[in-house]
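Since the structure comes first, as structure tokens, the remarks are kept for the end.
Order as written gives the chain letters A, B, C, D and E; numbering starts at 1 within each chain.
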Amino acid sequence: MNLDFATIFGLFGSFAVITAAVLIGGSATAFYNLPSVLIVLGGTFLVTTMSYSLFEVLRSQRLILRALFKPHRRPIEVAMDMIELAERCRGRGILKLQDYISQGDPESFQNKSLQLVVDGLPADEVNRILSNELKAMSARHNSSAGMLHRAAEVAPAMGLIGTLVGLVQMLSSLDDPSTIGPAMAVALLTTFYGAVLANMFFSPLASKLERNSAEEVLINRIYIASATSIGRQENPRRLEMVLNTLLPPTERVQFYN
Amino acid sequence: MNLDFATIFGLFGSFAVITAAVLIGGSATAFYNLPSVLIVLGGTFLVTTMSYSLFEVLRSQRLILRALFKPHRRPIEVAMDMIELAERCRGRGILKLQDYISQGDPESFQNKSLQLVVDGLPADEVNRILSNELKAMSARHNSSAGMLHRAAEVAPAMGLIGTLVGLVQMLSSLDDPSTIGPAMAVALLTTFYGAVLANMFFSPLASKLERNSAEEVLINRIYIASATSIGRQENPRRLEMVLNTLLPPTERVQFYN
Amino acid sequence: MNLDFATIFGLFGSFAVITAAVLIGGSATAFYNLPSVLIVLGGTFLVTTMSYSLFEVLRSQRLILRALFKPHRRPIEVAMDMIELAERCRGRGILKLQDYISQGDPESFQNKSLQLVVDGLPADEVNRILSNELKAMSARHNSSAGMLHRAAEVAPAMGLIGTLVGLVQMLSSLDDPSTIGPAMAVALLTTFYGAVLANMFFSPLASKLERNSAEEVLINRIYIASATSIGRQENPRRLEMVLNTLLPPTERVQFYN
Amino acid sequence: MNLDFATIFGLFGSFAVITAAVLIGGSATAFYNLPSVLIVLGGTFLVTTMSYSLFEVLRSQRLILRALFKPHRRPIEVAMDMIELAERCRGRGILKLQDYISQGDPESFQNKSLQLVVDGLPADEVNRILSNELKAMSARHNSSAGMLHRAAEVAPAMGLIGTLVGLVQMLSSLDDPSTIGPAMAVALLTTFYGAVLANMFFSPLASKLERNSAEEVLINRIYIASATSIGRQENPRRLEMVLNTLLPPTERVQFYN
Amino acid sequence: MNLDFATIFGLFGSFAVITAAVLIGGSATAFYNLPSVLIVLGGTFLVTTMSYSLFEVLRSQRLILRALFKPHRRPIEVAMDMIELAERCRGRGILKLQDYISQGDPESFQNKSLQLVVDGLPADEVNRILSNELKAMSARHNSSAGMLHRAAEVAPAMGLIGTLVGLVQMLSSLDDPSTIGPAMAVALLTTFYGAVLANMFFSPLASKLERNSAEEVLINRIYIASATSIGRQENPRRLEMVLNTLLPPTERVQFYN
């Protein structure tokens, strides 16, 4: 997995823009209030936990990290490799795949796909098993992204609750008019924290997780199509055609010609 | 069913955070107003009742309790057991299942699945009957969660209505400026109650109900696949493969090797 | 059709709660303003009429009444009756159904289902015809509920429009500061009316209509399954099994044993 | 196409209600501001144009007119005619259809359906061609309604933008406190215009278009079923049964008995 | 690709309307604030980047340009050409297609479709390959439009965050009452920018992209139907009938008669 520069760049860039806006307007101390931070951060964490299991919430850190990385190979490179492999298998026979598999990580989707072919399973069976596995993986990724989406819904709600707490406290003791302004500023802080967390952190990270997952699914679909084709001992030119229908039109392979 | 710590932890934790925020800002008495409580709690209860039947609303307490618990066995443990059982049936014959069934609760989904196999129904018929039952159970759970989702929609609406009542009362008799603040504070309380109820109680409990239901469905799907496989007298290694496509990739069984 | 106590109880209860909240806060006269009532009630009626036909809007009163009633027999009772009937037909032949039909309302779904069997249509044909009719009925009910849902969307919009009218009138002639409060109170009344109408009347009645319709569909599905089974002269024990997959697990029939 | 009284009645009625509310509160001049009208009407027109083609926006006037009319025959009347026609064809042969067709508009869906039968196409082919055409027509109607829905989304957004322009202008030059009220009244006018346009014009007309289109689709489905049945030379009693599954249960035909 | 006048006209027109509204109300300088521009434009760019890849965000300029253009031929013209071509192939044989292809761009969808026919692939295979390619193209276009939709969601959120920053700064230092107005005006500017960007730029351009893509898909569907028909050596009259079911009813071809 390679570092995903778009995530890093967008995340730090947008927080830098907001920080700059705060500093230009004067002191940043007006934007920090510990109870407000606790209401929004703590509340969002606790309410999200309620919807999920402790286990899932604890692994959420790993999840967030995953959004900072992406598959280290592009789909077009993977497709090129697979056509080359199909070409080699045609010449030297399917059993030569075993050498290829033993070089890589046996737990990778690629090698598990090829192993099924080497084991002599019929192509339709290989296709069925791998498609099921891919569906399960895709569902798991979606549920991970769902947790970040949920947090993006909860954060503004906690911000609103915090602001209501602040407003009720301010309004129920309107003794000194000079404190109204600062009290309202503090009350608005939780709304501000909630909006920033939801729109600049949880929501874009959820989208990025979904995107990187979609790319991984595409790569694995290439492995499935290749394994099925090799298992059927089809002409590699046909595999090239099939892979090109999977790949986006701007990223097509041209192994032959 | 075991206690679901995530629900308990999130529920009490988030209410503790809000209570702390209230107490830090001064007295908590400004946050309690009996008519406001009645409008939001009573109104939400009554309007939700209108959409459902009395019977369903009365059992809602049991429903909310269910969100505090979860299936006491994890899917991977269930899958392991079922493969072991399939292995045993292979050696000693399907009729030995009767002994296994008589040890457990005859009303459990597991034993009803196995009983159908012992009774000699064809595997396709077993699969059809159990899949229908699972669909009905899933629909029932969803309708239960739907009631909590409905309450989560109604609560903020009742909060808004209460706040409008308070504002109209305050604005129509603006005699003493010193009462404006406290009157608005009281008017905002119903919005506050509605936001807390919806976002920190109904909505996360509905999500948790859906999640625990999804896990129960997965476990029952393992029972269906196992019963069908045993009924067809397939090789238990094949059952392991099928179950692994159902289980999330990080929780796969490895009975053999 | 029996009276649906949940609807009556919720409807009167929630209006009682709001009325109590209004009376506790002082006089109720501040909450009544004829032009505001006309804007919201009349506007909602007229705009909803625009989306539908005059014929449909005029029968809406009957529709709203329907939400106050529900099918007078529970699905489990219907299922029990049908299994008993299947048992009797097995002994005495399908033609005895004619006596059973002639006792009841010939226009009821139940008797129309059985008549098709008596007329000797093949079971698949009976199933097809009745399923089509059920689909049409379900679509009609949904469109009825849709009209109430539409009114629930229109009412708050008319409330907002009324409030904007009031605000513009108040702001464009700010001569006497003492009139600002009461004028804003009146302006807020349409928002209040719209919120009450939508959340405490149209929306829950629409949901209740959908629920009662779903129960009627379930009962008719029981009639279809029974008629098909009797037409095929299947064992009534098999019918019991089929009906139990339709019924919610907590309301299963046990005719045998 | 006949005039659709529900549309006319709802449209003029609801504008009359709002006009009455404006006049009761005093002078109507406070509710008219040319720049505000231009921002909302012009902006909504221009932004909607951006999403569509010039051609479509120009024919939108015809579209809006269409929502004021509806099919001049009710589905039940069409069904009755078609059964009578099937009865006649049974006696005198399919070729007599030609006389029937030549009396009407050859471009009508009815006559195009029957022409295909006269031309001797197999019934399945007739069904396939007409179903495809119906799908295309339905998609086109939906896209027309979609344009009005889009305008209903754009209008409040333009209203908000206009109000923000007014607020910024007012706030940036707070010299004379006596002008604040009227300036805010003017700023609110665009929000008012946007709400009225969206909720009392675009949105209900879009719904009405969809409804009238659904009725036209139902009528054309009756023509398809009839043409197919006549082509297959089926018993007209069977056609009656098929049409009754298409028609809503309260509007069934009873040609026989 | 021809210039899409509707986009140009709507885009410049709506910005002209808003500019006019600003200028009528006085000086335009109150509407320009560099930090506000940076928060909304920069923030929207950076947060959208986080959800996508750098590569996609950089090509977004080309994307936006594409919404300003549309296919240079209308579907009806393409259909007419294809029927004429089918007629010619019928007389002179499929191999004459090669001449036709060599005149145009070999990378166009049209010529790739025809090349597959010339290469002698069976018609079903041609249909399958091209349909897959069309699905991939459609998915790619939707993802492009999705990026603009995402930006349309992010822009108002950044506007809200900017306004909250301004309000907190203003409220926390309420020393001089005369600065409240201008400070609030500046705080509202980010909301204004966000609303304008989302509603008058990103959202309509996304819709236009989707529409132009739908037209391109329709044109390519005409190529697929034509290539399949020519490959099967069907009667061109049949092709005319098939194309007319694809084309909207108001734009049908009439090659024969």
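We take it that contacts are C-beta pairs under 8 Å (C-beta built on N, C-alpha and C of every residue); 3 or more make two chains touch, one makes a residue touch a chain.
This one's a predicted model, so the numbers in the text were calculated from it and none came from an experiment.
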| task | Return the chains common to the contact lists of subunit C and subunit D. | result | none
| request: Chains touching subunit C and subunit E alike, please list them. | output: D
| query | When subunit B meets its copy subunit C, do both sides use mostly the same residue numbers (more than half shared) or mostly different ones? | reply | different
| remark: Between the Cα centroids of subunit A and subunit C the separation in whole angstrom comes to 42
| note | The distance between the C-alpha centres of subunit A and subunit B, rounded to whole Å, is 26
| query | Which subunit E residues qualify as touching subunit A in the complex? | reply | 35, 38-39, 42-43, 46-54, 57, 129, 132-133, 136-137, 140, 150, 154, 157-158, 160-162, 164-174
| said: If we count contacts the way the header does, which residues on subunit D are in touch with subunit C in the complex? | reply: 4-7, 9-11, 13-14, 17-18, 20-22, 24-26, 30-31, 70, 178, 180-182, 184-185, 188-189, 191-192, 195-196, 198-200, 203-205, 207-208, 211, 241, 244-250
